[in-house]
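Look at the two complexes coming up: subunit A is in both, with subunit B in one and subunit C in the other.
Our next item is the complex of A and B:
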């Protein structure tokens, strides 16, 4: 059996020369260069720029030239009650959205995990909301929620109720309306992940449990959920990152109102940076959001590892 | 054979290039909002006459604001001509973001015919610190529109005061017929802030009465409280969804015959009067915005759009040619038929336009009387923040979270801080 030179450990013929090592290293760097360049251009540079901007007073409506502001933006952030209220609101939005999406997503995935006729088509159709750009989803739902022409109000009155809620005009309901739209749009994402997880769980486990006398509920809690937990954690991370950044549907549905009942932290960053052009302060808020999302994702990953 | 072919190809290419050169010697980029889309159909005419190729970019309002700021502040010329909202004039002029047009206007004075441009519109949209920074494009006048058929039937005279509006709204509201007395925008932000300020200005109020010497706002005055009290009272005779109304919702409510009164800009009034989009086109009355008490002088709040040349562009001549064309009497008259907001006397006096939009002579008279007021939304760079702060407090009052007094008091102190942080004198 012929043996290649490289497998001859210890043989002087197989040992690469210094020149060879140099070439190999150079090649290694050349292969890494495109990815490194992209990472620097798309992630590291903007991040560094963001951090630098947090130390500037840069209001485009006052002057195009930025001025050094020290830690003023950070001090302002800590004293900004409206900002912290928006952080709290965003956390409520994130938690509620994720809980509802997970509950619905797992239920629907379990339902879809069968070989019924036409299930393939139903699964594909179910992904449709995810394919709609959030800004259009917001516009569609604004019409549905409308108190003048809305289909939802029409159905509620048709069912015999005397009044329909003011979905977007009542500060006690508006955030729930935004959550409904988010859940409508992203539950399919959870279904997709959970369905993939369900399909790799061996039927033998269920069979053995059934023989041992476990009912469907026990099988679900003792087999399905534990085996899905890594996927559930991954889904929570993805959805949490996305929900913390929610802007588009808020922008279209409520513009942060009524009052400030739907003003999320990203909407506030958008208003400050893009409407008022206060780039320094908006960057400080954006950095806070970034760090929060980072810490949240890290903790979730840690929890996932511990569990596995 | 090959040489001959090459010669033919070369001659053909040269001819093609010459042809292209002759037809489109220059090109410019023009950026505006949806109201500019109306010129799209007329553009080929301009391109043929002038040989200038126009790349028309239509953006939503916030994107126009963002793109223009990035371009103007960055010192680039991604667009040679920008549509300028009335509230941006001070900022663009002070920072020299756009090119002053006085020399060009003087050179082409016969063509520009300044005497034909409505003075209120010209001063408000284009003049700052004695210079001309843009040319008006569309002039919007804030009026109280009402259903003349319903008013006649109920024997109600056109409303003059806050109390008249409240009484008429009460009388005409009939929930069983899905008919409501009035609807104003109450949505947080620009809708409620801008419409409240228009109502306040119509009643004789001025948000910054002593600017530019002193920028202290006047929201702590009895007139501001009277205005807000009335504005909130009208919510009782509005459709239940009005608490979330944007002005577009108000327009649709009027067009579909669900409300009897709507205070709004003439650009929206145009939509009430178009038979193809409005169920009530033949029954639209109009009058001034109400005053606090009978006999108080009337004011027409004014807004609108102008067109300006990016200070960084080197295509000044083609850009100016475009501006002259779009503001010419002929184009203004033709556009006026579509949007009802020409800024030239000749177009406003056109009998066909007056037949379509009967309030045009009323506006001409107001222009002559000098009762058109441009600064109902102060044209200073801090205005967007003022509007956001005011819009939030007014919306909270509309929701019943705070009283009218609290809303105005909160807004007064927040606005003082915003203006003083922006470096303007606030003495009060």
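Our next item is the complex of A and C:
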């Protein structure tokens, strides 16, 4: 698997400007027209609509006609304990997932980082969970977690425990189950980035450190981790943005339950808007998600720029 | 670790340990997929056997027969998914490639600002567009139609198609295109006769990416479809809500949904990674 060079997001945009094929610029606008039209109609205008909707009282179960609500939705958002609980849950989900993915990802990348015979195949096959749609991944784990025939329960009983947890039915554990699925799916993503980072570190550094008497552990903490830190930061932001958007695996594993115990912020937007038809208020929550992601994407850009 | 013979031997042992460790890690991560695929070949009895039989059972095609030709009309959903993915990919690749060409070769637009714009389109949380789309398609009577779902998938693919193709075009030297221009070719002629034939592998990669994005997409498909226009992921998620769930059939349906993307992924892996990691890994 070719993991060689790293040019992150922002840095590719800052490559030195090259010579174009110098012809009348106006002609090129025709090439841009279709995608620009699509972007205006299906991204820009909908986002404007979203912002407008945040100022409306619009509940389809009450009336199809929206009413102007001023900043009511915003005030409601600030005071909405259930919403902030879902934000908190998303933070727990994000933090736990990222810590586990990083720990596993770095360990696995260090293990896989050899150009021996067959290692390329191992690295390629390792990506499979990441290629599976979240819905299918969720379904696989729903079966694995099953209380009737799930293999996880069997293994836990085999290990000598009296009882296996009701993974998806226990409000104290369900979020952990969703985290496990997320970690299973996206650890490969971290491995990819870390592998790319490891290839850039010069072997001379390790040799010099070994001559100075540094053991493998010292070398790992004093050379590998510091040199990987820009990549680690980028990976954290990527995974955090994705965690803000988590909806599909929650939908298929637990539908936010039991109770609200696995309701992430994106899932709450979906529920409020599509299940309960509170369009105005759901839009306000959606705008919150959008702005959070936007800030994180900007941080990513800054991190990318710092690296290049 | 020391001695004349000790050293090479310990090196071999260490290499063996790394191979073994790597294989164990790989097996652990692939096991859930393999287990579910195995389950799709089990009878109801074999699924519920306790202690469970993981791989030692007599395989049956019963689940596949029921899913594909039974009352669930799963084939119909597969057809929906294929149709939606085809339309979405066609739009995303056609619009994306022309745009990338203009951006890379025409020096139009501020490259930095554009990079950020594309990145933000790509990272857009689906829930931000979900409600406006729902209203848009509801008011235009397109809710529940295949083109409505396809166009939303195209929106999410196009940013990455532009991103991938622009990177490719920028690395292609301009000499041939410039020569053609001097000979009097218009940008369209340059694009169709010279640039496009040179970019076949990159276009193939972008196509694979767009196909996978659409095939795997769930959030828009579940909201914008109706019982007739469900895609494969939506159909699978709806099986669980049914009163009687045949787990074997569910596993078979999930396997059918998963296999095409896994095959596509390994065909286009190299380029796919570029897209999936936003250019972070080439």
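Observations on the model:
As a working rule, the second predicted complex is superposed on the first by the 244 of 308 C-alpha atoms of A that agree within 3 Å, B and C clash if a C-alpha of one lies under 4 Å from a C-alpha of the other, contacts with A are read in each partner's own complex, and residues count from 1 in each chain.
As a convention for this text, a residue touches a chain if its C-beta (ideal position, glycine included) is under 8 Å from a C-beta of that chain, and two chains touch if they have at least 3 such contacts.
The shown structure was predicted, so the numbers you read here are calculated from the model rather than taken from an experiment.
After overlaying the two complexes on the shared chain, residue contacts for A:120 are found with neither subunit B nor subunit C. Once the two complexes are overlaid on the shared chain, A:166 sits against subunit B while remaining clear of subunit C.
Once the two structures are superposed, subunit B and subunit C can be ranked by residues of subunit A touched, with C on top. Using the contact criterion defined above for the overlaid structures, shared-chain residue A:274 touches subunit B and also reaches subunit C. When the shared chain is aligned, subunit B comes close enough to touch A:61, but subunit C does not. When both complexes are overlaid on chain A, the residue A:148 reaches subunit B and subunit C alike.
On subunit A, the surface patch touched by subunit B in one complex and by subunit C in the other comprises residues 146, 148, 274.
Residues 62, 65-66, 69, 73-74, 91, 95, 187-189, 239-241, 243-244, 249, 252-253, 258, 381-382, 384-385, 388, 392, 395-396, 399, 401, 422-423 of subunit B are the ones that touch subunit A when the two sit in their complex.
Against subunit C, the residues of subunit A that register as touching in their complex are 1-10, 12-15, 17-23, 25, 27-29, 31-32, 34-36, 38-39, 42-43, 45-47, 49-50, 53, 108, 111-112, 114, 116, 118-119, 122, 124-136, 139-144, 146, 148-149, 151, 154, 184, 187-189, 192-193, 195-196, 234, 238, 241, 244-245, 247-248, 251-252, 266, 269-270, 273-274, 279, 282-283, 286-287, 289-290, 293-294, 297-298, 300-301. Residues of subunit A that touch subunit B in their complex: 60-64, 146-148, 166, 168-171, 254-260, 271, 274-277. Looking at the complex, you find that subunit C touches subunit A at residues 15, 18-19, 21-23, 25-26, 29-30, 32-33, 35-36, 39, 47-48, 50-52, 54, 91, 94-96, 98-99, 101-108, 111-112, 114-116, 119-121, 123-136, 151-152, 154-155, 158, 162, 167, 170, 174, 177-178, 181, 186-188, 190-191, 212, 215-219, 222-223, 233, 236-237, 240, 247, 250-251, 254, 257-258, 261-262, 265-266, 269-270, 272-273, 276-282.
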